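Each of the next two complexes has subunit A plus one more chain, namely subunit B in the first and subunit C in the second.
And then the complex of A and B:
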């Protein structure tokens, strides 16, 4: 039995798990129209590789990984691509993003799937495959798994399967472990192989006894050396750094990741997706989503990526008095529009009502009670961070380790003044990032401007040198002509001049005799006009000076 | 008496030699203040301050010839930072700050005259004589210097709209309900 450790801080919010955890996972349904965003993971968005009008099959790649930190996107069902453009997506800003629209044909025809012989293949090839099958972390951060499965510089000694699921209301990982534990563990075995980890631990909070039992049974059946650990239920026990500390006792240093101390953490959903990908060749086109809150039948739905959330809520039975949707849980989730599609990060669609989620009371002044510091799992000073973020004193906020904040929301939860503390930290973080970006752009502009000045100077110098060299060679070549040759040349020029003069005289106007004085005046006027025009033309031809 | 004078003179000579050596050995090229000011300026190289680029403006500020509120792209924020660095009073900006924009060439109208390429301070325009030109939007600083020289007026400034990758969390505001 593993000795468990305690992470600092944490809270015990109302769980609300029973609403949706009792019913089995609902089979996927095919909506008429899928909206598949290209930006579903952290890093570069995928690049569309289909055209409007293309027929696509279920599981066919429609967006290619673009760059190292990126992963592919696939069609969740068969149909026709009817649009590539901006559509509402799940994002706190409510701004639209690039999506591929597929009108489904209802046949749900699979493309050809190729299972992989992962044990005999080179790990790098397996990782490339994982990337092309669009696997990203399903715990919420959606970091491309192919990168996390690469133990580049840091050897990984422990692999943690995260079945914490500490947020209230959400039960998708619970149901997954209860019903599909074997595949979750098969995924973990592939991960262990790729990472070369000695120990594998699955951490599950003890409010999910059925899931723990199912995982233990599956581990025994498969004969795997995987430890199933029941952790005490405390939010945010499923956070990467928190679960690492609970299970191994290792604390992740400030500004580092658990990877830096040799521990890699994967969500159980990711392990399941990886097993489906490697053992069956299936790309990540669906995930389990908890639909709960103010609905008639709260349940977990296996949902195709790209299904509009409003449609999913309709399936679960929309009720009157719905005031909005939250993607994720009540602690870390954010409001979304019903048109926004389910993405790889969508673990839960929480339907709000006035009774379940009453409007927040008014923000009152901070009374410096430091209750927030007591519950902060990152051991920060939230009251100080709030002070600095509010005053837009970003340098000071960084000094107080603003970037170690995991935005878990414990501080806002306990604040007696109802201050939306996390909103202040998010504001400060994004402002700091924007400034860093601006600074970087300014540095590049300075460099380019300085290089331009240098280039102009160099060009000027080179031109001067070229002209000097030319003049030199001319001088050197000139005396090679003998006096006879020069004389001959001069003679030729004189003859040509004489010819030209004779020609000019020859073409003099022939009908200028016997002109009336009026005609003479007219000619003079025309000549004057010509001269004027010539004068004007000269002026405009002069090159303008711009610098 | 004489010893004292000799000792003092000796010390003066030694210290003078040390200082002279240090002045040569640790000589600072350029004015460090100019560099610090230049680091605050936004590097648009637009010349709206009346100087031909950010560095010349920084030099003028360092010499005390120019005011700190002449840089519209830097905005109020820039003026504040300069005031903090130089220890002077913050002044209101001497111009209306404009939204961030990048230049855009209407490729149907462009005649390939290269005048805009010559005007661009950061070499962000691609093209050759009698070939179509285009702006490298990611390198454009929005200085507008290419707009005036264009003989066919095919360059316009496009204001950057907020999109997902550039979105920022807003400052939290609690809306007070209107009293009845």
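And then the complex of A and C:
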């Protein structure tokens, strides 16, 4: 038995798992219309590679990975592309995003699938395959798996399969492990191979005894060296840093990823999707979604990506008195429109009613009771961060480790003043990002301006030198100038040179001397790209958080 | 932006926190009535009514909605803490003045609930002890020692009409507190032993009657900790601060400085430790900071009792430590997950 460690903070909200966990996973249905967003993962959205009017087959790539931090998108069923444009998507902002609309033909005809001989192939090739099959983390953060499967310079000693599923109401991973444990473990086996990890541990919260038993049985049957650990049920025990600490005792350093300490965490759903992709050649076109809350038949549905959530709710039995939909759990999920399609990140569609989710009581002032600090898994001082965010004192907020906040919502949950604390932290974070972006743009503009000044000065200097050289030859031909005049001219030239040099010293601190404007433009472009990547990296501090 | 968390546990509210504070004060109040008579009940009710009235007026003037803030319970907690800190038969206008400064000035002029840097009840107390030092020493005598035990109506007319019961003079009803007795005796160059021998006010550990009130505050305070309304650091550090400082002084000169147990057995020490120094709004918020806050307040309490101009020092020591909170908090930020261990 593995010694389990305790992560700080945490809460134990009402579980509400029994509502949806009793019934088996429902087979997928084909909606008349699929809306498939190009941005379903962290990083660059996929690039559409089909045109309106194209016939597509089930599993056919319709969006190509664009850049390193990106992954492909596929048609979830066969049909005709009838639109490429903005459509409602699941995003906290409520803004529409680029989607490919497919009118399904009902035949559900597969494209040709190619299983992969992963053991004999070069890992890099396997990763490329993973990317083209659209595999991204299904725990909620949807980080492209091809990147997470690349150990790069940091050797990975431990692979953690995250079956925590600590958010109330959600049971999709529970059902997956109960019904498809073998494929989950086959996926884990491939992950272990690609990462070269010595240890594989599956962490499952102990409120899922059936899932734990099923995984243990599957591990024995496959003869895999994999530990199945029953973790105490405590939210947010399925958070990447939390499960890492629970299972290994290792604390992920502030601002870093668990990979920096040699641990890689994958959601069990991702392992399953990887197994389907590698062993059967199936791209990620469907996932298990818990439909629960205020519905007649709460259940888990195998759901085609792109299915409007409203239709899914209709299938589960819509009820009178529905007040809205949440994508995800009650702690970290957000409100969505019923038109928004199911995406790779959709683990749950939680249907609200006034009884289940009464409106929040009025927000009162903070009384500094520090209940929030007691439950904060990042050991932050949420009450201080709240003051700083409110006062827009963002420098201080960063000093107090705002960016270590994983937005789990424990603080908002326990707050006696009912302050939506996480909203304040998200606001502060986005303001800081916006300011950094602005500052970076200003830096580029300033550098350009300074370079222009330098160039003008250099041209002036060159001209002066040319003139001086000319004068020299003139002088050689007709030495009529008096020494006084010569001295005065020399002095002028020397002064101009000194001025130019002084300016140059003050202006050009880098190796950007003597560059053509084209080169400068290129540098600026590279800088901009780097900034984008840096920002992405920041956003993905928690690549595989399954809460 | 969407609400960050869609679900809340039942019974989490400021009102619940404040109601629990009041509930945990109840043992102390009951013992107070048992040992000292009806005066404190009248004073608690009167102070509560004043608190709500002044709170309502302040909210109206500031354009805030009345209902959520009047029902949060914080004004009543302030009222009870002030009423329990002043003599139970204090005239009605003293409570009025105290509550105006507590709720009107210390709370609302600083921005209302959650914004006050000083404990409002202690500001009210400080104003009263500075302005009306004589009235503030006229405490009810314990019933077991009193020449006359005023009943409910007699207490009422004493507080609101300043009329004594027929044929009873004031000295039969009031008495100096044990701390005050010690203080006066020391000023007359008596030793502690002489003072203890000359007065009947001293009980087993602290004062007759008042030591039971202190014990009841302790019981209520432990309950408050068990309900997780107050952290353990503040009361433990506060009492430790009193004990250590008083212990050192007592060891230094047994004849001049009161014993540590005696100091801790004062009701003000227990009320201060569990109910006043633990005020989250004006106190420190970090674990280490709370230890410093409590230790500092305990230390200053004894220093003021021993060397200051007032018989008790709990109020001033807590107000002084309130001043230091921003600095203490900034210095004692706890380690964040994933950062280097100290």
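By definition in this document, the second predicted complex is superposed on the first by the 447 of 547 C-alpha atoms of A that agree within 3 Å, B and C clash if a C-alpha of one lies under 4 Å from a C-alpha of the other, contacts with A are read in each partner's own complex, and residues count from 1 in each chain.
Everything that follows uses one rule, which is that a contact is a pair of C-beta atoms (placed from the backbone, for glycine too) under 8 Å apart; a residue touches a chain by one contact, two chains touch by 3 or more.
Because the structure is predicted, anything quoted here is derived from the model rather than measured.
S.K.: Just checking: does A:368 make contact with subunit B only, subunit C only, both, or neither of them? Give me first, second, both or neither.
M.R.: The second partner, subunit C, only.
S.K.: Could you tell me if A:431 is touching subunit B, subunit C, both of them or neither one (first, second, both, neither)?
M.R.: First partner only.
S.K.: Once the shared chain is lined up, is A:39 touching subunit B (first), subunit C (second), both, or neither of them?
M.R.: It touches subunit B, and subunit C stays clear.
S.K.: State whether subunit B or subunit C is in contact with more residues of subunit A in the superposed arrangement.
M.R.: The partner with more contacted residues on subunit A is C.
S.K.: What is the contact status of A:387 with respect to subunit B (first) and subunit C (second): first, second, both, or neither?
M.R.: The answer is neither, since A:387 touches no partner chain.
S.K.: Touching A:443, do we find subunit B (first), subunit C (second), both, or neither?
M.R.: first
S.K.: Is A:451 in contact with subunit B, with subunit C, with both, or with neither (first, second, both, neither)?
M.R.: Touch partner of A:451: subunit B, not subunit C.
S.K.: Of the two partner chains, subunit B (first) and subunit C (second), which one does A:92 touch, if any: first, second, both, or neither?
M.R.: A:92 contacts both subunit B and subunit C.
S.K.: Between subunit B (first) and subunit C (second), which, if any, makes contact with A:403: first, second, both or neither?
M.R.: After superposing on A, A:403 lies clear of both subunit B and subunit C.
S.K.: On subunit A, which stretch or stretches are contacted by subunit B in one complex as well as by subunit C in the other?
M.R.: Dual-contact residues (subunit A): 92, 362, 420, 423, 426-427.
S.K.: State the interface residues of subunit C toward subunit A in the complex, per the touch definition above.
M.R.: Those residues of subunit C that touch subunit A are 1-9, 12-14, 16-17, 68-69, 72, 74, 112-115, 228-229, 231, 280-281, 283, 285-286, 329, 333-339.
S.K.: Taking the complex as given, what residues does subunit A use to touch subunit B?
M.R.: 39, 89, 91-93, 95, 97, 362-363, 420, 423-424, 426-427, 429-431, 434, 438, 441-446, 448-449, 451-452, 546-547
S.K.: So in the complex, the part of subunit B that touches subunit A is made up of which residues?
M.R.: Listed in rising order, the residues are 38, 41-45, 53-54, 115, 118-119, 121-124, 139, 141, 149, 162-164, 166-172, 174, 176.
S.K.: Using the touch definition up top, name the residues of subunit A that touch subunit C in the complex.
M.R.: On the subunit A side, the touching residues are 8, 13-14, 92, 168, 241, 251-256, 326, 330-331, 333-335, 350, 352, 357, 360-362, 364-371, 373, 377-381, 383-384, 400-401, 404, 407, 409, 412-418, 420-423, 426-427.
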